[in-house]
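In what follows, subunit A forms one complex with subunit B and a second complex with subunit C.
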Partner chain A sequence: MRTLLKLCCGVGALALASCASTDVAPIETGASPDVTTDEAGLWQQMDKYEQALRTSALLERDPALNAYVRGIVCDVAGTDYCEDLRIYVVNRPYFNATMAPNGLMEVWTGLLLRAENEAQLAFVLGHEFTHYKNRHSLKNWRKAKNAANASLLVSIGAAAAGAGGASELGSLLALSALYGYGRDLEREADMEGFAYVTAAGYDGSQAAVLWQNLVAEVQASQSKRKKRRFARSSIFSSHPLTKERIATLQGLAADLSPGKRNEQDYIGATAPFLAQWLDDDLVRRDFGENLFLINKLIERGDMLGTLFYAKAEALRLRRGEGDMVKAEAAYLKATKFSDAPAKAWRALGDALRRKGDTSGAITAYQIYLELNPAAVDRLVVENFIKTHALEG
Partner chain B sequence: MSFLSFRACCAALLLAFLSACVSTQTVSTTNDFDAIRADAVVLLMEPDVQLSLLGASGMREVRADWTQTGKANVLAEIEKYLGADGHQLVEHVLNPENPREHQLIKLHEAVGTTLLYHRIFRQPLPSKKDKNDWSLGPGVQTLVGETQADYALFLYARGAYATAGRQVLAIGLALAGGGGVGTGDQQAFASLVDLKTGDIVWFNVATTGQGTDMRKPEGSTKLVKAILKGFPLSEGGK
Partner chain C sequence: MNSNFFRPIFCALALAIATACTSISAVAPGPFVFDKAIGVEVGKTWTSYPRTSRTKSQRLTIDGLPLGEMLFSAKLKSGQALIYTTDREKILPVFRDDMLPGELAEFVLDSLSYSGMQQTKLTELRPDRFGVDEAVRFTFSGASANGLKYSGVSKVAVINDTLYLILFYAPSEYYYGLHEQEVQNILDSAEVL
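Showing the complex of A and B:
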């Protein structure tokens, strides 16, 4: 027992002596950390991650899209800081962007699919840039280190006092403090990010709109658990409650005159990827959210061939009561628009064939092969047409 | 001798034993391969090293400066060790603009850890019974380049070194009758790869305790000596 107490003091003294400061100044432009610091270690690990990311199959390499996103980052972060940032568009169908301490920023295509205009995207980019500028990764790391040491002290102290169970409490308290700290950093990123975005002339009101859209999407989710988790906060939440964020952002925007949204530029820049991103979004298999998103984009009124095809696919895959009938109608609708993919005709053919409309199916298949003469399934489709045309 | 000081002695002895402990295990290919010529050119791939600080709570913090030092020390030692045998060595620094090279380093990590797990740690694979045909594949030929190298030596090394707080904790807990608090270690594995086939013709793993610190020249001498034990180009190994 006495040994444990002594140990507690010994480790305590050393751990506290090495308690890392989370009070760090914002990073300067062009700066990189001294090689002997913990920050250099973080950078080194992220450099390694970045090297792997550069060969990743998930990377979207389209030069035009990358230049477009980078342009908005530079607009928000300013040209000096922009030179320190490397931005990667990553094909992941989730609403997210990430920022690493070494200047690596990931923008996920799930975010690009959901943002409605430049102002909304710019807000997220400003938020991420704040994480970089204010060195939030370093602060978080140091906080985690201090919390782990503190938790260790509580555990040894508890063991010395003969209260083993209290050691669990020690880790729990340390962990919740850590998450609380993380939420404070997120609030800071929201506030500063908002300031950068509005200073660059973007419409600040769009920041809250982005979150409101996300709330509506989650409300449409088919997962009760997901809805519950989203609406409730816990001491282990990594981000502040979305309701709180919306209220804060609306408050910030209230006194400001509206700025630019650049909606048409945004739609133009993302249009070539819409079909792919919708396809990827279906991989999430949350048909409530998938359909919510598609219907919202349909309201916009263009690329309807692409969108109705995606809607039909979601319905077909959901396979709920009456979904096949709705899917067939959506395939048919998609084929009325010039941007419908060739495979919409193929899918329409399949749907008609399934309900016994062979001649309708043959017509759809023929158009499919005309539009896509190099189709990989050409022989199969031709064989169907030949066999059933003879029967007819 | 009081009971407490007896325990203290035990703990000290244990640490001394750990620090002196270096274990290695070599694996040689069972594939056909031509005997290695005396004038063979060996490419020394930039070692994949990462050294960390082991905090009191057990969190590992990567140290960029230690990593740099460790990498340089180990590379210099390898050159000294193999150079003494008259082998033609060519240092190969990874080109950040060539993703292929980085993929090969990752591939070596993946194949090496698989080999470790299934051959050394005794989780045998039925398909690898009585044979060691591990290979990085002929894709390694891209490394040959102008050097006309015949072999490439890959090295993977990780190390963790305890803070003072961690050391106090380890000794203290040992005194109090507890244990299981590590005070850092070093693991490394190396492969000699035939650049024609990609086959790993020789593989060795070394685990060393605290005393063999690759951040210091004498520590890296010890580590390299251990990791290159039985290296096939040396006459009968050292």
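Showing the complex of A and C:
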């Protein structure tokens, strides 16, 4: 028994000795880690990832959009740190941005579609910059390593005490501590990100608005599972509960005077991509969320041809009760606006054809082909016109 | 109880499991029948993967799936998907029996996008026949996440309210062109059984 105790003490001492400190200072501008450190290993991994990302088909390469997003990052992070950051706009229809320890920041187009102004986007970018500056990846990595060591120690101790079943409990506790730590880092990123954004002159109240919009969108989701996951927190959640984040951000903004939102600049910079981003969002097939988002954009009052077309597409794809009738009305409405895509006429033709209005369909199809002589589906559309014009 | 008692049972179970497994097999030039539903003539030797019952589909390849994949699917019913995910939060594109020609192409391309193909784009859609039945044939382009460009072609028909589909895609560079004529011949020979 004494030998076993000695063994446990030895393993315990080893595990404790191998604990790495999570108390690390913020990264300095222009700094990179010593090659012998664990931090260098993390950087190396992300350097490899970044190399692959540069050739990825997911990358949005438009120079104007990239320069615009980079400008906001630099506004928030300051020009010195900005030189250490590489920003990539990634075509993914989900609300997200990520930050790697080596200065690689990804901004997903789903976030750009959902932000209503520069202030809202700036908050997310400030949050991500805090992860970089405060070296959160390194802290998380070390915490994970320490948790694994602690879990091992508990397992050995439990086995030695003849209570092997308790080792699972040790693992669970270590894991929950790790997730809890991750949530604390997210809180820190919210707080400091907010400070950077307001220091740059942006309207701090928009941080909470962004989250409120996201909550409303998820509440409109067709996925009950997603709604449940979003509304409930557990010891294994990676982020704090959104309602907690909203309350914190509202508290921070309460005593501040309003800053800049730059809504028109934001709309102007993102307008050329709106139609594509809405198309990409529809591939997710969460029509509750799709329609919530489109209706919110319609409230803004511009690009209505593009937006009513997207609304009609969501209704057509959903095919709920009465959706096809509503879709036809939305297609028709879209065609009244100058920014409506030519394919809105083709879709209107399809809607009329489906309900048996052949002459209406032919007229809509003819307008479509006039507007888009190089249409990829010209042969199919012409075939319908020819067949049914003869019948007529 | 004697362990000899269990031996025949284990052997029988193992045999039953082994025979239930379908393996990768060769498809020699000549007639190929998918699921007793689609018949085609193949001109080269293809490798066939087992049929996936969940999506009612089967994959064939010559150079390996990433370098060229032909997919057959038949009798897909309204509300069913061409792809499968274990993520229960995801909502998949599903086939509808009232889909018009453009919507059929959209359904197939959205399914590919959902599976990870990037920048999927319809490049041509035209009327065609699936044996004696009306169909559409379309070509498309796309890219893998790491930027490799793909080209593809598909023939789709809705017969008795169910979907019949043959789809081929391969890297645009070299592989698509290498098998394009063979694939066009297969599509031309396709009939519903």
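Quick note on the criterion: the second predicted complex is superposed on the first by the 385 of 392 C-alpha atoms of A that agree within 3 Å, B and C clash if a C-alpha of one lies under 4 Å from a C-alpha of the other, contacts with A are read in each partner's own complex, and residues count from 1 in each chain.
Here is the rule we go by: contacts are C-beta pairs under 8 Å (C-beta built on N, C-alpha and C of every residue); 3 or more make two chains touch, one makes a residue touch a chain.
All figures in this text were calculated on a predicted structure; none of them were measured in a lab.
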Superposition on subunit A - do subunit B and subunit C clash or fit: fit
Contacts of A:T55 with subunit B and subunit C, given as first, second, both or neither: both
Which of subunit B and subunit C A:H239 touches, first, second, both or neither: neither
Touched partner set for A:R86, first subunit B, second subunit C, both or neither: neither
Superposed model, angle subtended at subunit A by subunit C and subunit B (C-alpha, nearest 10 degrees): 60
Partner chain in contact with A:V283 - subunit B first, subunit C second, else both or neither: second
Partner chain in contact with A:R183 - subunit B first, subunit C second, else both or neither: neither
Subunit B versus subunit C as contact partner of A:R225, first or second or both or neither: second
Smallest separation in angstrom, by C-alpha atoms, between subunit B and subunit C in the superposition: 5
Common ground on subunit A, meaning residues reached by subunit C in one complex and by subunit B in the other: 52, 55
Subunit A-touching residues of subunit C, taken from the complex the two chains share: 88-93, 96, 98, 100-103, 105, 110, 113-114, 118-119, 122-127, 136, 143-148
Subunit B residues within the subunit A interface of the complex: 4, 50, 52, 55-59, 61-65, 67-68, 96, 99, 102-103, 106, 163-165, 168-169, 172-173, 175-176
Footprint of subunit B on subunit A - complex, ascending: 3-4, 6-7, 10-11, 14-15, 18, 35-38, 40-45, 51-52, 54-55, 141, 144-145, 148-149, 151-152, 156
Subunit A residues touching subunit C - in the complex, by the definition given at the top: 52, 55-58, 91, 222-223, 225-226, 229, 283-286, 319, 346, 350, 353-354, 376-377, 379-380, 383
